[in-house]
Amino acid sequence: MSTTVTTSAKRLNYLNVDHGMKSWLLTKDHKRIAILYLISLSFFFLIGGLMAVFIRIELATPAGDLVEPDTYNRLFTMHGVLMIFLFLIPGVPAVLGNFLIPIMIGAKDLAFPKLNLASWYVFNAGGLFMIWAMLHGGVDTGWTFYTPYSTAFTDTHVIATALGAFIAGFASIMTGLNFIVTIHRMRAPGLTWFRLPLFVWAHYATALIQVLGTPVVAITILLVAAERLLGIGIFDPALGGDPVLFQHLFWFYSHPAVYIMILPAMGVISELITAFARKRIFGYKFVAFSSVAIAVLGFLVWGHHMFVSSQSVYAGILFSVLSMLVAVPSAVKTFNWTATLYQGSISWQTPMIYALGFLGLFVIGGLTGTMLATLGIDIHVHDTYFVVAHFHYIMVGGAIMAYLGGLHFWWPKMTGRMYPVFWSKISAGLVFFGFNLTFFPQFILGYLGMPRRYHAYPEEFQVLNVLSSAGATILGLGYLIPIIYFIWSMRYGERAPANPWGAYGLEWEIPSPPTTYNFEETPVVTREAYDYTGIEEKSVA
Amino acid sequence: MPDPSSGHAFGLAHQFDDYEQQREASYLGVWVFLVTEILFFGGLFTAYIVYRSQFPFAFAMGSHELDITLGSINTAVLIGSSLTMAMAVWATQTGRRRSIVAYILATILLGGVFLGIKVVEYTAKFEHHLFPGPNFHWQGSDPAHVEMFFNLYFAMTGLHALHMVIGIGILLVIAVLAWRGSFSPQNHNLVEGIGLYWHFVDIVWIFLFPLLYLLGRNIQS
Amino acid sequence: MWKNFPLFPDRATEFAGQVDALYFTFLGISAFFSALIAFLVVYFAIRYRRRADDEVGRPEKAGLWLELTWSVIPLIILLGMFTWGAKVYIAAYRAPAYAVEYFVTAKQWMWKFQHPEGQREINHFHVPLGQSTRLTMTSEDVIHSFFVPAFRVKADVLPGRYTSVWFKAEKTGTFQLFCAEYCGAEHSLMTGTITVMEPAEYEAWLADVKKGPSVVASGKELFQAKACNTCHRPDTAAQAPILHGLYGEEVELGTGEIVMVDANYIRDSLLNPTAKLVKGYKPLMPTYQGQLSEEEILQLISYIKSLGDEPDEEDKPQQETTPEFQSEER
């Protein structure tokens, strides 16, 4: 299981095989590209997080006294735009997916390594447009860009930001295309679909969404830019257009987009739970098919963002019932993960703390989602903090916790180093506690009626807002600490063996860090996924 | 690395186990890309369907302004270019180096004719104040929705033309490579790939033509 | 800060009670399942804590019945909540036919209310207790959203068309009004109040407030001032439709399409007359784009709505709307 690693420091691996900027900036190695993405994503995350800090400081008092209303509007818009387009959507796939998928399927690299590198450049180009827009005053439309405000009324840098999203969207399409072809065509001998790690299934389902959904928002963005630039009226009612058509086209992508953000995270959770319970996943096929079901059904529910938008009552009814259907596969996965814990051998390592935290928080986020899908409730809570709380429970309590859990799990593999365990547990605790304190009060605020995107509010909402801002402080601390110790570990961390966790998987059979081509020779797979009974001596739980 | 002696222009990329895997991966990649293109155009087709069903009269009037003769010629030209493209792929599969170049050049030529006719059409629209924006002017009824027709006409045909320009650019590169003997019956993924792309662009036009040009056939001037 | 710390909003209509019942039931179900999962996770994590470094878990056979059970039971619960929610939703958007109609025009960043009797208010709206009140709303610029938490009602207010909400206040008091769709710089300041008064008080208040002519009377005046009556009259019926009794009827357009003559149709006909031309009529009507404010359009619509079936009937301005169903304007 663990190999002695006295010589690993001198051993050639993908990190030290080549030096210099050029070897990184022109690399074709999927592992190096994953690290490049890690750096870019962390950068955009920090800026988006900074926006959130200002938002929460402003909201600690009822009056809008920290910044001008106009400034506040730009802050929350950039927070959403950066976090969604430049962090969450690339997120797990660009970092963990890129690093692990070839290894997990026994391949030397992705199907199109140059396309992979190109996607990183395209992504950064998109990010650059958005940063440029931000430095020149930003945008104040909200990340949803509703017309006609975004096309005919605001004088902020809508086109630059929208083009940034357009360009970054291409990076997403390229990644998705790469993953689909790779998973179909490059699996090692013996690795049938039903022997794949669920992480791979999750990324496959995600890739389907990336490839099918992103082009629709791309063309929508172009139409918005054209409308602004040429003064034509595709979505502007004053010129004969229909603003609700914009909403349909926008949400047709942006709802599946949220599944782009959560499905890979769910894939990570499947890996963490099996590794730290040392047990096969309960109901493998159900979890695998649920991923695909979520991807498919996710395309049918976009209208649940528009229940009060003047779409017909019948459309509302249809979208509501479909939204209930899409919740079922997520429920199935949650029950299967929980059942995997039963009679497992559970270790309380940091990645598992994140995974267990995910389970609780994702359930709350998901159930409040079904509450929002309930028409009678949504009338009241649409566009209030109830919605804000719901999506942060999924995206932060869910996706980001899974991302952090995955980073902690695979960090030794990616870097050959361990992080300080004590501090990792402290920050996991801070993240969990800080997150709940930040966002749980927002459910209450939402039902009370506090609308979204408000920088001043009635006094009776203050106590809950102060609790939320206090939680945000703790959460922020919980995010900063890992940044510090991860960087510290690159130099001073204990060197990691090939399999520090005693986990099962192709990635744990190669050295930490791996060599450039991953495997000495192509593995032949004969065992099922998560086959923990096959390894070593087993004292059964 | 290129290995002309074995007829393999581009060699086997390091991530693949064998040529068959490389070829199958290329094809699947091109097909997935074409699916994204369908969705990309799909947004515009959706907007067209929505507005046309709401304002059929205005759309018919707008369509009536388009030149059906030129549109029909363009349709024939594009179908012809798909034929020459298919012949180019066949020539690659059967190792006819000169023919590959000839057919690709024919495809480029026909594509150029298409774009030339489009330039003629667009110019006429500008002159008749039918380009959307501040210079748009419509004498008849419901100008706002006639302009909507032209918004979509220019957006859809413009996006299509852009795809043709990119396609022609790639074809020029392929023509040069073909002249240099880079393709063989064993290695012609690139030609097949661009062939698929070209056929796709053709099919988009086959949908655009009736929706945009034939709508206004029955309107009396 | 600690003095006024509500955890739950005021409930000022019976409908609010319906929404709350739905919400708290679903909340209870969610709390139950959240607690269940949380408990199981923590319990399993402790009970099956790893005791030796090389220990592995004991896998069991996947149970198809278990999978089906925990798929079907949540589905049934969700469909139940959906059904209940849909009923509440339909009730929210189907105003009773006898509801009194008021007009709301939203613009950056204020709310303009118009009473049928002619009173106008800005941001602070007065209504009588126990009256079914329907608001027909439009925006002069961008999308806004009319939201009264205490009534549990919300509807987006769009430029270029009409949307509506209705409510029946059953508690006196002053309740918060918010704009709930981001609309630009002062979105958070686009707030107001709805004051619900006892009917007698309301009448007194109405009499006190300076008012202009009633909405229908204003509409009638406009109908003459803008020369609508030069074409829309009996002797020119071949060129322009008679408007009496037309509201709420279905007409066939030149394209063969059948449309309902409702507020949206009249508005479209005023601003873009040739777009939805009734069959048999030539495109002669000029457009009034730029010549009518949103309020004036609403007044004209009210007047047309009030026209009886015969052209030579005395055109009394009516405050009761004709008993057509009013839900088609969504």
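Should a chain be cited, it is by its letter among A, B and C, assigned in written order, with residues numbered from 1 in that chain.
Note that contacts are C-beta pairs under 8 Å (C-beta built on N, C-alpha and C of every residue); 3 or more make two chains touch, one makes a residue touch a chain.
Everything quoted here is computed from the prediction, not taken from an experiment.
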Which of A-C and B-C has more C-beta contact pairs: A-C
Chain whose mean Cα position lies farthest from subunit C: B
Between subunit A and subunit C, centroid-to-centroid distance (C-alpha), Å: 36
Length of the line joining the C-alpha centres of subunit B and subunit C, rounded to whole Å: 46
Per-residue multi-chain contacts in subunit C, two or more chains: 272
Two or more partner chains touched - positions in subunit A: 240
Numbers and ranges of subunit B residues touching at least 2 other chains: 144-145
List of subunit B residues in touch with subunit A within their complex: 13-17, 21, 24-25, 28-29, 32-33, 35-37, 39-44, 46-47, 50-51, 132-134, 144-145, 147-148, 151-152, 155, 159
Sites on subunit B touched by subunit C in the complex: 55-58, 140-142, 144-145
Complex contacts: residues of subunit C adjacent to subunit A: 1-2, 4-9, 18-19, 22-23, 26-27, 29-30, 33-34, 37-38, 40-42, 44-45, 48-60, 62, 66-67, 70-71, 74-75, 78-79, 81-82, 84-90, 92-93, 108, 141-143, 145, 147, 149-150, 152-156, 158-161, 163, 176, 178-189, 272, 330
Subunit B partner contacts - residues on subunit C that touch it in the complex: 254-255, 257, 272-275, 277, 283
Touch list for subunit A against partner subunit C, complex: 64, 69-70, 73, 140-142, 146, 148-149, 153-154, 237-238, 240, 243-244, 277-280, 282-286, 307-310, 312-313, 316-317, 320-321, 324-325, 327-328, 331-332, 334-336, 338-339, 341-348, 352, 356, 359-360, 363-364, 367-368, 370-371, 373-380, 382-384, 444, 447-449, 451-460, 462-463, 466, 502, 532-533, 535-541
